[in-house]
Amino acid sequence: MKRKSMEEYFFKILMVVSILIVLGGILSVIFTVVLKGVSALSLSMLIESPHGGYYLGGGGGILNAILGSLYLACGAIILSITLSLPVAMSLHQSTMKSRYVEYIRTSLDIACGIPTIIYGAVVFTIMVFIGARSSLFWGMITVAIFILPIMIRSIDEIMLQTPKKIKIAAFALGSTRTEMLSVVVKQSFPGIVTAILLAFGRGIGDAASILFTAGYSDSLPTSLFEPVATLPLAILFQISSPYPVVQQRAYASGLILLVIVLTASIASRVLSKKFMKYVVK
Amino acid sequence: MERGSLDRWSIRFMSIIAFLTSLIAIIIAIVLMWKSFPLLQISTIQEIVLGSIWQPLAGGFGFFPFIMGTIWVTLLAMGIAIPLGLFSAIFLAEYSPGHIRESIKPLIDLLAGIPSVLFGLWGILVIVPWVRDTIAPMWGVSTTGYCVLTGGIVLSIMVLPLIISLSDELFRTVPLDIKKASLALGATKWQTVKYVLFRKTYPGLLAAIILGFSRAFGETMAVLMVVGNVAKVPTSVFDPAYPLTALIANNYGEMLSIPLFDSAIMMAALILFIIVVIFNILSKLLLIRIQKAV
Amino acid sequence: MDPLKDDPYFDIRNFSLSINKSKILKNITVKIPQNRITVIIGPSGCGKSTLLNSMNRLIDLSEDLETSGSILLKGYDIFDPMVDITELRRKVGSISQTPNPLPMSIFDNVAYGLKIHGIQDKAITMSTVESCLNKVGLWEEVKMRLDAPASTLSIGQQQRLCIARALAVEPEALLCDEATSALDPISAHQIESELLLLKNNYTIVFVTHILRQAKRLADYVVFVYLGEIVEYGPADTFFTEPKDPRTKAYIEGTFG
């Protein structure tokens, strides 16, 4: 008898300790970036480009990277959503199970699992092969490609939750498959918004994919076909600098990135609630 | 019939794009193989995978140190993340009152969304000094702090949200009736977990863990920033390591100037690709078996 | 029997159907008269709904479908490959057992059919929506909140909305699959009254397992058992002088 309750007590402690360690870790990561970042954050970091010698301790900011990342991520998301939505819809055109649809889902799942560094490496290989230079354009393409399977499957999962009766209702009224699918999209809309915003968060924070495809630049992004600075790489370069002043700025840059990602996450929750109005439970 | 032909064309269009996107993984495999092929002309697979000599300028392309680097860091990370993750998930699914669960879950989702460079920053600021100044001296070892242990710790916290959320979902699929039956027979909550919950969910947990491994193998930035990047097989957790991902990320710049170097880097990418895809497929197969059994 | 002899709406001849290799309907031959309520009765699981769903080819959505024989709608085989299914389903509306509002406002639900069948004119849409909601007695209840999500209506209101939605595209027939089973008695009664009014202008086929409902509604009755038609005929003689012993047993409640 006693052994049972001792065992229970022991494992309960283990569980609480585990969750505390996990929570401690989460809070540690967030607070480190926030606290260290805030102390190094200044207005000029946000509104100026790096001056000459910025990485040696000189003045300026990372506006180039902030804008670069925002343009890149937005462009990638726009490219991706124009393809993800039709693909996700095509997986739902029938009410029947289909082996072909399962094949597509499986290949997309595999693509989701491929590390982003490999996406970067492959796109870079193609770029070298056709003689292209790294630029905002190629950065957008790389991010769009790795985000694509993720976004398709997220939207697909949302659509899987559509009650079958809605599809039947649409068909019974004489809808074509495409018309039925637009009803499914209406029903899935809050989930689609969430998928887009979360994909934005992933895309803007990823460094491995754009390491060699987007290049880097100290000037503000002006052209699609010029190398562009990005926040993750700005952080990487600043933390690698031997000058402590510059290293501190890496944390400030990290804070900026964190704020952007958190904003996207919060926006996804808020917006998806707003769009829940007409969704049938 | 305009409506009808519009429908047919749009379905056709969507299906074609769907087919093309399904080729992404295959195209990546083809490009990797095509680029790494030249390396096989001068080296056998055995030399590549098991050779320890990494001197690109001299034509020595042994990937063993990098493969071992990846394995060491990943095993350590999973060794930390699996117990922590499972116990946390059990806590969330079975033991925690609703409001605690509701406040913790968003934090875990938050963790999942944090970019890997930020974990790298945290690793440099918090974990590296901790390992260097506190943990290593405890074992009488001296290290820079940029080592397997640091990489493993940072990587584990990155994989934790995946393990926790997948396991938690799995635990919640177990019907209440079964748990009630166990408790009604006089079992404690933990005994119910041990004998009922785990038995019902262990294939899914295994699939989740395999997926976690796959994620860990492919993580690049955070690990690169804290693991030391020295091309030698690690002999202890306090040694630096050079995982495959870091190798690829660090060497793109010089890739084109040294002969066969680009093939070598792409070979590293191919090895990584194969490992990750195998693990992903294993996980999927397990999940299919589970669904069949249901 | 006259309406059956001249010009039935549906003329079903030797129609058989199987799904996933199992035969569900066997050699169904029956005529469904125009502008009457034909009730299909029978125990659960015997093919009533399958037969109903064949009449607007919603059955096409099933796995591994095989059919033989024909269903003629005013002389034209609806299974002919040249048939425009969307037009068929416009002509033959259907109401399910549980209401299935679309994820839109009340107004948009009713207007949906108009939209997909090409009617863009706002004035026409407005007046059609109003008249259809009137026909089902919903207009007064919802006219102040046409923008509200359809899912905020009560189940009884939702079902009436579904009928209004089906009426909006000006069908010729309405297929009702146990359309009142999920509703409270008052809503069920409302819908039955509406159907009795509608039958003058629409061919109504109503599936039910409630004999009393069948007696209330039917002009003609079709008894389906184990995928076959056992008996069919006008309601008055059907219930009082059933010809087949199985029919007699079912009506008396001996089985089903």
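Here the chain labels run A, B and C in written order, and each chain numbers its own residues starting at 1.
To be clear about the criterion, a contact is a pair of C-beta atoms (placed from the backbone, for glycine too) under 8 Å apart; a residue touches a chain by one contact, two chains touch by 3 or more.
Nothing here was measured: the structure is a model prediction, and the numbers come from that model.
K.L.:
Comparing the two chain pairs, does A-C have more C-beta contacts than A-B, or is it the other way round?
P.N.:
A-B
K.L.:
If I average the C-alpha coordinates per chain and also across every protein chain shown, which chain's average lies closest to the global one?
P.N.:
Smallest offset from the overall C-alpha mean is found for A.
K.L.:
Roughly how far is chain B from chain C, going centre to centre by Cα mean, in whole Å?
P.N.:
55
K.L.:
Distance between chain A and chain B based on Cα centroids, please, to the nearest Å.
P.N.:
Here chain A and chain B have centroids separated by 17 Å.
K.L.:
Mind checking the centre-to-centre distance between chain A and chain C? Centres are C-alpha means, answer in whole Å.
P.N.:
Taking the mean C-alpha position of each chain, the two centres sit 48 Å apart.
K.L.:
What residues in chain C touch two or more of the other chains?
P.N.:
Counting only residues that touch two or more other chains, chain C contributes 86, 116.
K.L.:
Residues touching two or more other chains, restricted to chain B: which are they?
P.N.:
In chain B, 3-4 touch at least two other chains.
K.L.:
At least two other chains touched by the same residue of chain A: list those residues.
P.N.:
In chain A, the residues touching two or more other chains are 176, 179.
K.L.:
If you look only at chain C, which of its residues touch chain A in the complex?
P.N.:
Those residues of chain C that touch chain A are 56, 58, 61-63, 85-90, 93-94, 96, 98, 100-105, 112-113, 116-117, 149-151, 162, 165-166, 169.
K.L.:
What does chain B use to touch chain C in their complex?
P.N.:
Spelled out, the residues of chain B in touch with chain C are 1, 3-4.
K.L.:
Which residues of chain B touch chain A once you look at their complex with the stated criterion?
P.N.:
Against chain A, chain B makes touches at 3-4, 6-7, 10-11, 13-15, 17-19, 21-28, 31-32, 35, 83-85, 87-88, 90-92, 95-96, 104, 107-111, 113-122, 124-126, 157, 160, 164, 188-191, 193, 211, 214-215, 217-221, 225, 245, 248-249, 252-253, 256, 265-266, 269, 272-273, 276-277, 279-281, 284.
K.L.:
Once bound in the complex, which stretches of chain C touch chain B?
P.N.:
These residues of chain C touch chain B: 84, 86, 116, 118.
K.L.:
For the complex, give me every residue of chain A touching chain B.
P.N.:
It is residues 4-5, 7-8, 11-12, 14-19, 21-23, 25-26, 28-30, 32-33, 36, 83, 86-87, 89-91, 93, 103-104, 106-111, 113-119, 121-122, 124-126, 128, 145, 148-149, 152, 176-179, 198, 201-202, 204-208, 211-212, 232, 235-236, 239, 250-251, 254, 257-258, 261-262, 265 of chain A that touch chain B.
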